[in-house]
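As written, the chains take the letters A, B and C, and residue 1 is the first residue of each chain.
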């Protein structure tokens, strides 16, 4: 399992009226071949911006890279020209967007939208192109591909459209697929189908997936490793088990406390995290979560915590790990005997 | 790790808990809708200069004819077709009438027709469209079928026919323009109201038991106001345009009364010999249209809530 | 799709019928007795009165009138003695149609090009140039543009014929004058629409596929941005058509517009009526064709037939 993507100290900001919004503030992570990495966080925490940075889909300007590097198989993405970037998009890194309703061109046939990746690269002739498209439609579970090929997006259901989006992301046979909240706008039943499909395809094709979501349930079902983002930073990272059963950041703990599961007792109350995320227009000097954290200490308001290494793959950015701090046992998920992490 | 340990004090590690003040803090400048709109208009130099030009013209239309020593219809065969001079600032026309006086007299008539007919259109169209959109049902379907059909009829042609029936004059011009003009406003206001009505904040207000009147006054009107104002600004130049057109083909304002359309018409007649007689009124017609269009563009950008917060 | 076309056709015919009825009512309301003017010889007056059946009850008059319209028979002019309205229309319409088509094709193609360029170079100098042309175009009435072009290019510099309509060279100035406003409007609309489309999610999808900027612009952006422009083509035809009224009289072109303005000035009622209904029907049908065309190019309407 080699590293195929390495992100170091990535900072990305937007110029707006009145000043600069620091959307991503120093993010490090990497992605190995064939693994599913989840990025979880509330809306506005910078997870989508991070994802779009990887293929440079954020509008630049007003957005710009303040710092950092993104290395894809050893080549730097940040300094690439538009032309070089085009060779990465689609064939090296595929992207699945959040809303399949608006992400397909309403005036272009489904088949054409799938084939488009190859059209400019002159890779296949017309007949081969169609075969390619039909093949991928079949792969994403669209049975009557021949008919769908000639239809327009508005003739398809939401789940069907998301399958087409996945087909578009997959057809160039990329090494990494970035899925930005791929199921957020779908019904729960369809969501399960789409997630199953993504995982099956991932196994079959040995693609890496970066899965962005605000839903820890999706993370539990899909991912190997998890990055928890808050206020433009990765506040905790680890294997799925670490995050769920050995939580070391109050924010992650809060996220876990605010979701219901089948084990939740009838009279057990869900605990929401009070307040809203910090405005990244002028982020606080200390820990971004301090104001909403019941364990917050003086220091949390004053200085940004360093990243503490807890285990091989488990780190957290929290002053509670400091030796002066009182030892606190953060609430997390209790491991049940018969439960198997997927 | 070593220096981190050394640079901190144990007292900093006492739990203080949440800070409910900072928890919800929003650090962006706080602006109301109208304040934001006014800021944008002021910042938009082009739109603002449109507003300034317009104000200057309105002032000149009021006082221009007064400060002149000639009446707008004083015919004097001894001073026909004179070029610009100290006694006739814009020259005289084929009948020796002072063009400065006539241009501002014409501005009064044209601007008055433009504004009055547009405001009437907006009020009538807004009421019909608003009621039809808000209450919906059978009334709405009937009104909309009628409007759909009327909308298909080319409005200038109807205006021409109405003018033939009513005869020339300022009142009949306004009547003709209102008869054909309210339909467009009604269509557009209805569409806006329908769109708003389906939004959740209206549903929320209804669930809370807010009366229809309060919903209309507090929620619907403030939200369509921006669009209506923009639409109004864009419609005034069209109305002035139509007045000029109708007067040009001999149906709008009848001499001796004068308007910009009449001035342009007699200017075109004299174009080959005395081109200034067309150029001067044309300049004021065009700059007025320009000012209104620029102001309208600026208002549209300033009042569009979707564009708030962006540059 | 068939249902959609059917609906459009029905609405169009109802519209024409309503227009004809309005015209019928307005004629009864016209000041004085429209058919007793000193321009008329007694025999024409008798001719017209029997034609419209003035001695009969109103309902019967209405049916006679409708029957004549359906037959396409508009009666006789009061000014041009013994000329039928049909003949005047048949003689003059080709000029107007030719001029209108030239102005339309010129203005729509240039308008689209300017709008696209302005949007692609947003905030750059080229954008400002296009925007300024567009703002001037929507601020200058067509009779002023027509007169100015005629004065400078025709009279002062002698580059083009001053008036008449006899060859290609004669058509240039009036076509520009007539199409200028429409060109400006189309370019403004296209620019706004392009800028709207570029923010859509599917443009991001297209980008994520790694296709070239040119292809994104051409296949995704323009193709979708053009839709709202097509919807205004109907009103555009109307504005070009009413523009012919003044342009034709400025350039002394023997088209319908010139006759229409003259008939209005002479109060030639039967010519006004005939031409109004002809114009109205023409515009309603043009609108209908545009709507159907829109249905053909927009797959969302084509398939669902809404």
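The definition used in the following text is that contacts are C-beta pairs under 8 Å (C-beta built on N, C-alpha and C of every residue); 3 or more make two chains touch, one makes a residue touch a chain.
Because the structure is predicted, anything quoted here is derived from the model rather than measured.
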- Message: For this structure, which two chains share the highest number of contact pairs?
- Response: B-C
- Task: If we define chain centres by averaging CA atoms, which chain lands farthest from chain B? Would you check?
- Result: A
- Query: Going by CA means, which chain is nearest the middle of everything shown?
  - Reply: B
- Query: What whole-number Å value describes the gap between the mean CA coordinates of chain B and chain C?
  - Reply: 24
- Calculate how many whole Å lie between the centre of chain A and the centre of chain C, each centre taken as the average of the chain's C-alpha atoms. 54
- Message: Can you work out the whole-Å distance between the CA centroids of chain A and chain B?
- Response: 47
- Touching two or more other chains - residue numbers and ranges from chain A: none
- Residues of chain A defined as touching chain C within the complex: 55, 57, 82, 85-91, 94-95, 97, 99, 102-108, 113, 116-117, 119-120, 152, 154-155, 165, 168-169, 172
- Item | Contacting residues of chain C [partner chain B, same complex] | 11-12, 14-15, 18-19, 22-23, 26, 29-31, 135-136, 138-141, 143-144, 147-148, 150-151, 155, 238, 241-242, 245-246, 249-250, 261, 264-265, 267, 272, 276, 279-280, 283-284, 287
- Message: For a test of understanding, state which residues of chain A touch chain B in their complex under the given definition.
- Response: 16-18, 274-276, 278-279, 281-282, 284, 290-299, 301-302, 306, 319, 322-326
- Query: So in the complex, which bits of chain C are touching chain A?
  - Reply: 200-202, 204-213, 215, 219-220, 223-224, 227, 298-300, 303-304
- Item | Complex contact set, residues of chain B against chain C | 148-150, 152-154, 156-158, 160-162, 164-165, 167, 237, 241, 244-245, 248-251, 264-265, 267-268, 271-272, 275, 278, 282, 285-287, 289-290, 293-294, 297
